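In what comes next, chain A is part of two complexes: it sits with chain B in the first one and with chain C in the second one.
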Partner chain A sequence: MTHAADVLVIGGGIIGLSCGFYLTKRGKRVCVLDSGGFADGASGACDDMILFQSKKPGINLELTFESLELYKSLRAEVDDNLGFANLGGMVLIENQQELEIMEEFVSQQRSYGLDVEVIDKREIHKKQPFLSDHIIASTYSKMDSQIDPFAVMRAFERKGSSYGMKVFRRNGVVGIERIGNGDYLVSTQDGTVFQAPIVVNAAGTWAGQIGEMVGANVPITPKRGQIIITERVPPIGETNLWSAKYLVTKLRNDVVVDLNEDERSMGLSFAFTRSGGDTYLVGSTREYVGFDKGTTIGGIRAIINQTLKYLPRLRDVNFIRAIAGLRPSTPDGRMLLGEHAGIDGFFTAAGHEGDGIALAPITGTLLAAMVCRDPGDHRLDELSPNRFANL
Partner chain B sequence: MMERDIVVIGSGPAGLCAAIEAAEAGAKVLLVDENAKPGGQLFKQIHKFFGSREHSAGVRGIDIGTLLLQKAEELDIEVWLNTEACGIFDQDKVWVVRDKSTSLTIHAKRIILATGANENVVNFPGWTLPGVMGAGAAQTMINIHRVLPGRKILMIGSGNVGVIVSYQLLQAGAQVKAVVEAAPQLGGYGVHTAKVRRAGVPFYTGHTVLEAHGTDHVESAVIVKLDAAWKPIAGTEFSVDVDTICIAAGLTPAVELAFGAGCRSVNSPVLGGLVPWHDESMRTSIPSIYIAGDVSGVEEASTAMEEGRMAGLSAAHSLGYLEASRYRSRFEAINHNLLALRSGMFGQKRRDAKEAIMAARKG
Partner chain C sequence: MADDDKDMFICRCEEVTLREIEQAIDEGFVTVTDIKRVTRAGMGLCQGRTCTKTIARIIAQRTGKPLEEVLPKSYRYPVRPEKLQVVENEEFNDAKDS
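Up next is the complex of A and B:
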C-alpha cells in the first residue's frame, strides 16, 4: 500500500511534530513517520527548559527568543497553557576563574538583548536560601522559562491532525529511494510505502541512520543524559539552577576547569529545575555510550552527591525515579537545518542536543519556510547540513 | 561488592515463600523489605483464607504470616528491613538503601522480585480531600495500627477487598454507610458479601460516587446511578453523610523495578495491566530475574505463596542447588497447587490470563 503526500517527516519527537505541524499550517499534506511510540526518544526523557542562559550569543540565542514568541502563539492557538512557567534561572559560580568567564559571557548575552545580570551572595541568599555557602556569585535571568514537552507534543499532534496532518507510529523507516520524477519512496517495516517530493529527516539521535539511506552525511552522536526526579516537595528556592562549570567547559575549551572525577568521566554538571508536578528534575550526565539508554548506579549516585554539594538541605528528600535520554549532539554544538546539496528535496532538521524543547517551534517554522521556498534567511547558513557534506 | 546467591525483594507472602523454598534447597538468600516489619499485607488479613487444605484454608492470614516468619528464622534467612531497593543494574546488581542512610550494591546471582501491587484510585471532584483513601490503607490503619480512619464510611467497590475491609471496619466499630459498585453486579465472594449485607449495609450496584464535599475533610459524598453505558443519570444523585471514603478499585502490579531492569512486558487486563513476561518457573525475559505474587499479575495471597515457592525453587535449581529429580517432583507439586487455586468459577479466568502471559512471545 502506498500513501502519497507533499512532505514526509521522519521522526515524531518534538522536532518532527513541530515540522509536521507548521508544514501542515502552510497547506502541505504531511505524513509523520516514527519507529517508536509517543515520546519514546529524547523528547520524552529530558527537562522542560526554554533556557536562554546556556545559549552562546549568536544564532542559538536569537532563535530561542523567536521560539519563546512562537510558544506564546501556540498556547493561544491550542487554548492550553502547555505547562508554561517562568521561574527564571541562576547559574552558580564557584570560583574567581568562573566569575571572570561568566561576567564576560553575561555581557555578550546582554548585547544580544538578554535580560541577565551577575548577582552577589546577598542577592543569591534572598532567591535561594538553601544554597551552599561556597557559591561566590551567580547569574540571574528572569527570562528562563519552562514548558511541558509532553503537552507540547500532544498539542502539535492533536492540532496538526485536526488540520489534516497524519502520524504513523511503531513503524520504522527501512529504506528510501528516489524515482524518475524526483519523488522519494519511503518504505517502512510493515511494508507500507510513502511517496512524496520532499522528505524531512527529523529523526533526532537516529538522524544519521536516515541520512545514510540517501547518502547524506548527518554527523549526529548520541549523548546520554541521566536525570533523577525527586518526590513532591515545596519550592526549595525561587528559580531554577545550573552550575557555571558546565557552561565554562562548553564555552571555553582553552580554559582548564577544575573538575572532579565524576564531572570529567560522565560530563556531569548541575541542573535543577522544578516541574509542574511539584517535583524537581535534577541532572545531568553527558556521556558518550552509543545507543545505550540505561541509567547507571554510578550516574545516579554522582547526581545525588553533586546535588548535596549545592543544596545540602536535599539530604532528606527522596528521589523517586531516574531516566536517561539520548541527546542528538553535533560536532559544533549547532543543529542541522536545511536541504542537502545534491539531494534535492531532502532536508534535515535534527541535532539539537539539549535545546530541542527550547527550539522546537522555531525549527518547525523555519523548516516549513524552507520547504515552501520562502526567500532565504542568511542567518541560517551556518546551520546548513552542507557544512558537514565533505567531512 | 557483597555477593548473595539470591536476593528476594519484598517480604510479603510471595517473597517469604520464595526465600524459604530457596533456603531449603541450600541457597544463600537475602530477603529485603522497605517496611519496618516483614509479612507484606499478610498481617492485616485477619479473615480466614479459602482454598484447599494445602493452602492453609480456614487459617487466618495473620497466623500464616507468623508461621512463615518462624520458618524463615529456623532456616536462618538473612532479612534486611527498612531497606529500599532502588534499582537493578546490569541484570544482577541490586542497589539498596538501608535505614535511609546506607547505600549498598549487592551482586545477586539471582533476583526474585516479589514487590506486590499498588491500589488503584478513582478520581472525582474532592478525591484529594483528607478522608479519601485506599481500602487497603484503611485496613492497615485498623488491623495493624489499631486506628479508626473515620466513623462513617463509604466503600467504593464491592470486590473481595471492598467487602472484607467493610466488614472489618464494622468490627472495628465504624459505621459503613454504603457500598457502591459501578458494575451492574457485585464483585466479591458471596460469604464475605453476605456478612456485610447481614449487618444491614446497603449495596448500590450500577452506582458511582460523583463527588465528595467538605472544607478540610470529607463531610459528605454524592452518589449517582449509572446507565448501561456507565454514564451518570442526571436527577438520580443523592447525598450520604460520611467522613471517610474508601476506594477498593483493584490493584496494579508494582512493576517499576522489573521494567527498570529491562524485563519485557506483556499486557494482561484481567491481572492488572502490564506485567513482566514470565514462564512457568516464574523466570522473566532476563534469565537472572524471577518474579512472584501480585507483581506477576494480581491474584490473591495463596497463589502468591505458591508462585513464591516456584520462583525460589527454580532460582535455586538454576544455581545447581537441586538434583533434577527433586526439582522435577517439587515443581510438579507446586504447579499442581497453582492449578487447583486457578480452577473453578473465579479461578479459570485467572488461569487463562496467566497462560496467555506465558504464551506471549519471549522478548
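Up next is the complex of A and C:
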C-alpha cells in the first residue's frame, strides 16, 4: 500500500512532531513516521528546561529566545499551559577558579542581553536554604523556564492531527529511494510505502542512519544521559539548580574540575529541576556508549552521591524511577537544519544534543519556512547540514 | 457503562480517570507505556504497581490486541521507592543494571 503526501517527516520525537505541526499549519499534507511508541526517544527521557544560562552568546541563545516566544503562542493556540513554569535557575560555583570563569561568562551573556548575575552566599541562602555550605557563589537568572515535553508532544500531535497531520508509529523506516519525477519512496518495516517530493530527517540520535539511506553525511552520535526522579516533595528551594562543572569544562578545556575517575568518565554534572508533577528530576551523565538506552547502578550511585553533596538533607527523600536518554550530539554543538546540497527535497532537522526541548518550536517553524521556500535567513547558514558534506 | 464510572480513578497516585485513558486509546496510544507518557497514569509513587494490569486490560478490551502486546516489556531498578541514602548500603551494589 502506498500513502501519498507533500512531506514525510521521519522521526516522531519532539523535533519531528514540531516539524510536522508547523508544516501542516503551512498547508502541507504531512505524514510523521516513527519506529517506536509515543516519546520512545530522547524526548521521553530528558529534563524539561528552556535553559538560557548554559548558552554562549550566538545562534543557540538567539534561537532559545525565539522559541520561548513561540511556546507562548503555542500554549494560547492549544489552550493549555503545557506544564510551563518560570522558576529561574542557579549555577553553583565551588571554588575560586570556577568563580573567575563563570564571572567572565556571565558578563559576556549580559552584554548579549541575558538577564543573569552572580550572587553571594547570603543571597544563595535566601533562595536555597538547604544547599551545602561549601558553595561559595552562584549565578542566578530569572529567565530559565521549563515546559513538559510529553504535554508539548501530545499538543503538537493533537492539534496537528486536527489540521490533517498523520502520525504512524511502531513502523520504522527501512529504505529511501528516489524515482524519475524526483519523488521519494520511503519504505517501512511492515511493507507500507510512503511517497512525497520532500523528506525531513528528524530521527534525532538515529538521524545518521536515515542520512545513509540517501547518501547524506549526518554526523550525529548518541550521548547518553541518566536521570533519577524523586517522589513528590514540597519545594526544596526557589529555583532549579546546576553545577558549574560541565559549563566550566565546555568553556575552558584546559581546566580540570574536581571529579573522581568514575565521575569524569561518565561526564557527571548536577542538574536539579522541579517538574510539574511536584517531583524532582535529578541528573545527569554524558556518556558515549553507543545506542544503549539502559540505566546503570554506577550512574545512579554517582547521581545520588553528587546530590547528597549539594543537598545533604535529601537523604530521606525517595526516588521512584531512573531513566536514560540519548542526546543527539554533533561535532560542533549545533543542530543540522536545512536541505542537503545535491539531494533536492531532502532536509535534516536533528542534532539538538541537550537543547531539543528548548529549541523544538523554533526548529519546526524554521524548517517549515525552508520547505515552503520562504526567503532565506542567513543567520541559519551556520546550521546547514552542508557544513559536514565533505567530511 | 454509566457516565459516572468514567470518572473513576484508574491511577490513584496521579488521579487519572478511565475517561482520560479511553480517550488516549482512541487517539491511537495503544500500549501501557504510551498511555503512561500521555496521561501520567503509572508515573506516581507506586510506579504503576497497582494500575498497570488494569490499564493493559482496558487497552486489550478496547483494541482487541493481546495483553502481551500492550504490557511493558521490562522493569527497571528501582522497582519500589528507595531513599537516596540507599547508596550507603552494601546491597545497593548488587542491584542490576537495566
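Here, the second predicted complex is superposed on the first by the 388 of 391 C-alpha atoms of A that agree within 3 Å, B and C clash if a C-alpha of one lies under 4 Å from a C-alpha of the other, contacts with A are read in each partner's own complex, and residues count from 1 in each chain.
Keep this in mind: contacts are C-beta pairs under 8 Å (C-beta built on N, C-alpha and C of every residue); 3 or more make two chains touch, one makes a residue touch a chain.
These numbers were taken from a predicted model, which means no experiment stands behind them.
> After lining both complexes up on chain A, report clash or fit for chain B versus chain C.
Aligned through their shared chain, the two binders clash on chain A.
> If you count the residues of chain A that each partner touches, which comes out higher, chain B or chain C?
Answer, by number of touched residues of chain A: C.
> For A:Ile135, is the partner it touches chain B (first), chain C (second), both, or none of the two (neither)?
The answer is neither, since A:Ile135 touches no partner chain.
> In the superposed arrangement, does A:Leu51 touch chain B (first), chain C (second), both or neither?
It touches nothing on chain B or chain C.
> Taking the superposition on A as described, I'd like to know which of chain B and chain C A:Ile300 touches: first, second, both or neither.
both
> A:Ala322 in the overlay: touching chain B, chain C, both, or neither? Say first, second, both or neither.
A:Ala322 sits against chain B and chain C alike.
> Just chain B (first), just chain C (second), both, or neither: which does A:Leu308 touch?
second
> In the superposed arrangement, which partner chain does A:Phe38 touch: chain B (first), chain C (second), both, or neither?
After superposition on chain A, A:Phe38 lies in contact with chain C alone.
> Once both complexes are aligned on A, which of 95-103, 149-157, 167-175 or 329-337 in chain B overlaps with chain C?
Clashes with chain C appear only in stretch 95-103.
> Let me check the overlay on chain A: which residues of chain A are in contact with chain B and also with chain C?
294-297, 300-301, 322
> Give the list of chain A residues in touch with chain C in this complex.
Chain A reaches chain C through residues 37-40, 44, 150, 154, 157-158, 161, 167, 169, 231-232, 277, 294-298, 300-301, 304-305, 307-308, 314-322.
> What residues of chain B sit close enough to touch chain A in their complex?
It is residues 86-87, 89, 93, 95, 103, 105, 260, 262 of chain B that touch chain A.
> Quick check: in the complex, which residue numbers of chain C touch chain A?
Against chain A, the touching part of chain C is residues 14, 27-29, 31, 33-34, 37-38, 40, 43-45, 47, 76-78, 81-87, 92-93, 95-98.
> How about chain A: which of its residues touch chain B in the complex?
Spelled out, the residues of chain A in touch with chain B are 294-297, 300-301, 322.
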